[in-house]
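Labels A, B, C and D are assigned to the chains in the order they are written; within every chain, residues are numbered from 1.
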Amino acid sequence: MDVGAGPNLMAACYGAGAISSLLARWSGRLAVGVGHMAALAGALAGLGASLGMLLGAPGHTLTQALPTLFPFARLSLSVDGLSAFFLLVISLVAVAAAIYGPAYLRTHSPDAGPARQAAQVLALNVFLGCMSLVCCAGDALTFLLSWEGMTLASYVLVVSDDRNGENARAGLLYMVMAHGGTALLLVAFLALTERAGAFDFEALRMAATGLDATTRTTLFFLALGGFATKAGVVPLHVWLPRAHPAAPSHVSALMSGVMLKVAIYGILRFAFDLLAPAAGPLPSSWGWTVLFVGTTSAVLGVLYALQQHDLKRLLAFHSVENIGIILIGAGLAMILWRTEGGGGALATVALTAALLHTVNHAAFKGLLFLGAGSVLSRTHVRNMEELGGLARHMPWTTGLFLLGAVAISALPPLNGFVSEWLTFQALLGGAGRFHGPAGLAIVFSAAMLALTGGLAAACFAKAFGVTFLGRPRTPHAEHATEAPSSMIAGMVWLGALCVALGVAPGYAIRLLDAPTGLLLGGPVASAVVTAHGPLVLSTALTPSGADGTSISMTTVAALLFALTAMAWVLRGGWWRAAPRTAPTWTCGMSPTARFDYTATAFAKPLRLVFAALYRPRRAVTRETAGTPYILRRIHYAGEIVDLAETEIYHRVERDISALSQAIRARSTGRIYGYIGFVLGALFVALLLLGVVYR
Amino acid sequence: MTGGRPLGLVLLEMILLVLLGPLVTGTIQKMKARLQCRQGAGVLQPYRDLAKLLRKSTVQADTASGFFRSIPLLVLAATVAAGALVPVVRVGPPAVPLGDAVMLLGLLALARFLTAVGALDAGGAFGGMGASREMTIAPLVEPVLMMVVFSTAVGAGTTELGTLAAHRGTSWILGWSAADFLGFAAMLVLLPAETGRIPVDNPDTHLELTMLHEGMLLEHSGPGLGCMVLASHTRQIVTLGLVSALFFPVGPANGAGATSLLLGAGRFAATILVLATYLALVESSYAKLRLFRVPQYLGVGFVCALTALALRIL
Amino acid sequence: MAETLLWVLPLVPTVTAVLMLTTRDRRMLSAIDIGGSVVLLALTLVLAREVATGGPRALGVFRIDALGLVFLLLLVVLTLAVSIYTVGWLRQAVAVGNMKAEFLRSYFALVHAFVATMVVTVLADNLGILWIAMEGTTITSAILVGFHGHHHGLEAAWKYIIVTTIGISFGLFGTVLIYAAAAAAGVQGGAGALSWSAIMKVAPTLDPGIVRVGFIFVVVGYGTKAGLAPMHLWLPDAHSQAPTPVSALLSGVLIKCALLGIIRFQTIAAAACGPAFPAQVLLIFGLISIVVATPFILAQHDIKRLLGYHSVEHVGIVALGLGFGGPVGTYGALLHVVNHGITKALAFFAAGKAIARYGSRDMRVIRGLFVVAPIGATLLMLAALSLAGVPPFSIFVSELMVLRAGIGHGDWVAIAIFLTMVVVIFAGILHHVSAMAFGEPTAAAGREAEAWSPLLGMWLLAAIMILLGLTIPASLDRLLRRATEIIVG
Amino acid sequence: MSAETVQTIIDDLGALLLFTMILIVAAGQIYRAIYAVAAQSFLIAIAGGVLAMATGNVDLWVIAGVTLAVKATLLPWVLHRVVQRMNVRREVEPVIPIAGTLALAVVIVVASFQLSASLGPVRQAITGNALPVGIALTLTGVLVMATRKTALTQMVGLFASENGIFFTAMAVTQGMPLIIEIGVILDVILAALVMTIMVLRVRSTVDADIADLDRLRG
């Protein structure tokens, strides 16, 4: 298809979807159906456009003027390699969400009135459209407007999903923090626009060349702060685990899988494009900061995820972790860019790792949220303690969720492993290049990355096992049925992506050529990573010039498959007798669901190991029958705290509100007090400005 | 890449490892028995057990889902595939790129993950407890292991074990730097944890208080259990192989003379034997640690590894 | 043609007010009300076209230029919206007995008298006339504030009339000083010496010292009327106690008229003693207003007081824009005047409907508005988001311009304070409003259907609000540019 | 008469005005305050007459007359009647001790003279000391309002500060335009009227002084 027409077509479809919410006046169902259809069309258009850009015309930028809405700024779209890549990520997940959505909304909230349905359809399309526009924006104003539109639409989706106050509070926190972030972005952008005297990125680049080092760094950190808030970087993450689960599940998939990536886009755009000095490396403080916050977010994110019992909250915390992993790659790329001789292959590897993890995380996190959604829509329970034993009723959902779990735990042969492997290689190269503390820091973050992977595996062993395996703990879980086929289809699409990106990542690397080439100007991704053909991933980056490490996911996957088959044969293949079944061994008692290991119990050892961080609180109440030796009932309540939340946010909130209460309580209602203020103001002003001011 | 190990050889080495796995276990058991002044079973006992298990029929928990029966196969496959990444008789990169140390750890982690999932599948407290504890220890071991690998890999700039070994050359203990010693010390601390032995785990018992790995196998039976047991044998020898590849690189990088192959095999066997003896000694001279003392125990390894890296990089 | 309009325009509401006294029938009154507003709007549009083509027009003490036109348009549009809103609001108010039927006509008459005085303030070229009309607005609106007659209303009205009268008398003193300076500079001829256009001609020659003192008097004086802190204390009382439509006019237009007065003097002061001095003064008062308003917004329970304090903040933002100065800042300030007027009126309307529905102004009582009145709740939410400065609503654009001016001006401290407060206030507003909009409705909630006329009035404003958020029409842009030129030269 | 004599007369009148202002501040009884403000307005009228004679400006005669009629006679009379009608407490109920108010008044007077001294060539614009005196009167009038609890005293203070403005306005060479002055006076009358109505209204509905209400706060 024609590349130029792509974005327009996409925007048109999303627009149509938004308008189709009007249909809710006649039938909510109709509006939902048509709206998601339009969204699907838009997503496919976006997919086509981005693929066309990435494969057809890498390196060339597609610009397009928009109607002049505001006299002081020229609005325009400009789609270059980076934009196209993120547009691709958005569209990939959007396709799944659009397929999945209608059935989900129908089964999850059958009692939704037309008003709510209309709001959701409208918001969904605006959300998708704005996310795509942010990545395609060619000027600061378009960027900011679509950025805010994205926030507002997702806010509407969060608060509109359910009528209870929880959503409203989550939305509030989300909105406030997003606004704070936008304030920082505003300053960062406007400082450039006022220098440039124009809003389009071209002019901003020109203006940025004249910046002195301090201003440049200040602006970068302002922007970083703004984007990090949106990306949910620790300690700016507190809104994320509340807001993401509150939205409808396919929207959660979009928020966690895609919206955070838009923030990553912003960071890359600022660091490597808008603010990058004309020549020479980036200020070292940038990359090291990003690497540091990335590592912190990765570890803390997974540690907090481990202790969640709300399935969707757990997934949301894992988004914090994965954003951290992406930032490790990005930060490393910032550190290494233009610092090394020999074309800077290492920076390319680091950036490739970050971008590849971006798309990988979009795939498996989207899959996992959709899976959680189909559980939710069938059981209306998010607390995994009340689930269990779903595997027998929901085989498809279970299998796909397991797939996602393996992928997100960075286990071969799925996609999560590939990007983490690349990250490891980049870290190894970096450690080889920097001697002294710097190298040690890099290796340390590699170790933290390994820790993260292990903890993620533990977390998903728990999440999957407790939710889907064992015995059903409540009637909700007992009477669950498999999700409708359209929802399954949505999940299969993402599941297939996880497998494809895991088994044959080499072919996806080609898509990274445009962004890596654009940002780094060094060797492109495929020239480094798939130098030995698409089936082999290699890193040609040893200081000794030796050929680094090369692995082949495809061969390993084939080997695994063959070995499984052989093991199957070893076990007797088809000729083997069907197994006898017997109750699980529980020391001779007849097992009930109470015997199953709960999520709390599963996570307990790690809770104790990391007690310093969790500050766990527990309350155990015993009801004894007269003598303390005979317990009638025992009630256990335990919780852990999010340090950032309790130590920073609650404190600030308390102080501010207390202060305002105090001020308000002290204010007078007496008129002579009012008059006194007026007189005082005049008197002071006269003295200060009339006599002193000269 | 010259001197690459042909795929055939790689697969041969893999099969070799799988076949020798039970023998190592048997040897360790025998040594333990001796150290405890017992006669003990023959070194071939594990083979007999396996043969018996494979012949038996399966009893499966009624709560287990459809996944349960495929789990032993996947676990075994993953572990054996990890075996393919360890150079046994020759160093140098494989002619057909396969995987590196990270991939090896990944495959072992995959096996562990699936085992834990299988344990949870049956329901019931024992499996869950075993899974929970296993998944508690593993994340603490992995970063240290990764650091040990890095401490040798930083110099070579690669994590591919064959290339790594080739880059180290056939350096014997006398040729070691301080970093090597510390890294090796860390490895020695980690070995019992990674192979599921005292003082971290106790392979000989299903008692609730001590078990990690064994508890997870409780619900498996017959051929399935056989696969799991074989997998744990293989896992053990693969871990030992990893150590020998990192610290006792063996065999000439190229030149496929039969003698050199035999030499390599011999040295590999020697290394394995030494490490096995070490494990046996540790097992019979230490008591199992309480679960919550394990982090401190691993902490020792962490410090060693970090120091090794510091020495290597600074 | 245009010159005669200058005389006719103030007469229209006056005549309407007189007509009101001829009948007691509510429908009849509402009809006259809307009719009068429509005529006013129509004539203003004619005048606007005349000015757009032929430039400023003057006749006697009256004069219309682009600057005045901005405020005039805001005034007449809001007047029409208020008239439409009043129909349904009044029916409800009479039904529950908030408004005695025999007072209806005096109420309507007063509202239009109020409008008439405001028209005069906008059109006045003679600074004396400006002052007289300003005091006129105080008197008429003070009666409206106390119209309900219960002692809360009277208290608010008393505070309002006393404090603003003091303020305005300061304004008069400032005017006298400027006049003295002008007379000293040799502006001849009685009333002519007080005419803004005449003074502007000789402004550069005025004695800076006396002009400086005069400007301070004016800023404090008219600033009191405009609700700049710390002279703002009367504002939340008055705006919260007034009948809702009057609150909309007070917050939407009246304080802007006072701002217009300040702007007129600012131009003189800028010409006489350099633009830096008046900018400095306005900047300081603007920042004080923004900061002072914040805690009262956060810790507020009365929704109308909340909106009142919010007006203080936004007047502060306008002052800030004027203080940052330059074409961008001034343009932004004027745009903000329009945007805030429209949005704040909408907010007061929506709040008024919610109050009527729950019979309370306590935001802890108002819950689950989305359940009982989805449209009203949506409008309230829109207004709140816009007030908080979220795109795609109008106020974001003007705040963006003010921010641009500040950054161009390089005044980082002011920007830091401004942004921090804006974010905190955003949190406060959204906290209050989302608590009201979502959740399960309290028992107090009335379940009656939503009346058409208030919704119509609100949608009218909401449409303008969103339109101005998405684009600035070329005509408005031209107008604002002209007005900006008048201020910054 | 010559400019110098006019200036001296104005300055003397200014001194007298300040004296009356001090009387108002010091007045412990509301009647005294009313008489004092009446006297003050009377002095203003005289000043108007003097300036009218000096400049031969007819407008100033009118203004002086109106001032005499309205501010020196009508308003004080109205206030007097109100005080009698509703037998309010006759004391002025200061917020801070009267001595303190006096001290503040002194500060204000000094400051205003200092201020106008700091201004350059104002002299030829405004006759004599009319500017500092005017500023002093205006601010002190407001000071009285800010330090008194009863509504009527506040009205007195308001009139006093209006007087200050008038004095300065008249002293501006060639005086203020007539219509403006008339308009101003009309506004003052209207405001006074509305205020009086409110006072009486509150007195009749809830038996309280309107200036005492403080239900609306924060």
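Following the convention adopted for this analysis, contacts are C-beta pairs under 8 Å (C-beta built on N, C-alpha and C of every residue); 3 or more make two chains touch, one makes a residue touch a chain.
Quick caveat, the model's predicted, so the values are computed rather than measured.
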Between chain A and chain C, the fewest touch steps amount to 1
So the chain most remote from chain B by C-alpha centre is D
Chain with Cα centroid nearest the overall Cα mean is chain A
Contact-pair count is greater, between C-D and A-B, for A-B
Cα centre of chain B to Cα centre of chain C, whole Å, reads 78
Distance between the CA centroids of chain A and chain B (whole Å) is 35
For the pair chain C and chain D, the C-alpha centroid-to-centroid distance in angstrom is 31
Distance between the CA centroids of chain A and chain D (whole Å) is 69
Expected list for chain A, residues touching two or more other chains, is 664, 667-668, 671, 673, 675, 678, 682, 686, 690
In chain D, the residues touching two or more other chains are 115, 118, 142, 145, 154, 211, 213-216, 218
Contacts with two or more other chains occur in chain C at residues 158-159, 162, 166, 170, 213, 296, 299-300
Among line, ring, star, complete and other, the chain contact graph is other
Chain pairs satisfying touch are A-B, A-C, A-D, C-D
Residue positions on chain C within touch of chain A in the complex are 158-159, 162-163, 166-167, 170, 212-213, 216-217, 219-220, 224, 230-231, 233-234, 277, 280-281, 294-296, 298-300, 328, 370-371, 374, 385, 388, 390-392, 396-397, 400-401, 403-404, 407-408, 415, 419, 422-424, 426-427, 430-431, 434-435, 437-440, 470-472, 474, 477
Within the complex, chain D is touched by chain C residues 126, 128-129, 131-132, 135-136, 138-139, 142-143, 146, 149, 151-152, 154-159, 161-162, 165-166, 169-170, 172-173, 176-177, 179-181, 183-184, 190-191, 193-194, 207, 209-210, 213, 236-237, 240-241, 296, 299-300, 305
In their shared complex, chain D is touched by residues of chain A numbered 664-665, 667-673, 675-676, 678-679, 682-683, 686-687, 690-691
Per the touch rule above, chain B residues touching chain A in the complex are 1, 54, 57-63, 65-67, 69, 72-74, 76-78, 80-81, 84, 93, 96-100, 102-103, 105-107, 109-110, 112-113, 116-117, 119-129, 131-133, 135-136, 138-147, 150, 153-160, 163, 167, 218-219, 222-224, 226-227, 291-292, 295, 306, 309-310, 313-314
The answer for chain A against chain C in the complex is residues 69-72, 115, 144-145, 148-149, 152, 159, 163-165, 167-168, 171-172, 175-176, 179-180, 183, 186-187, 190-191, 193-194, 656-657, 659-661, 663-664, 667-668, 671, 673-675, 677-678, 680-682, 685-686, 689-690, 693
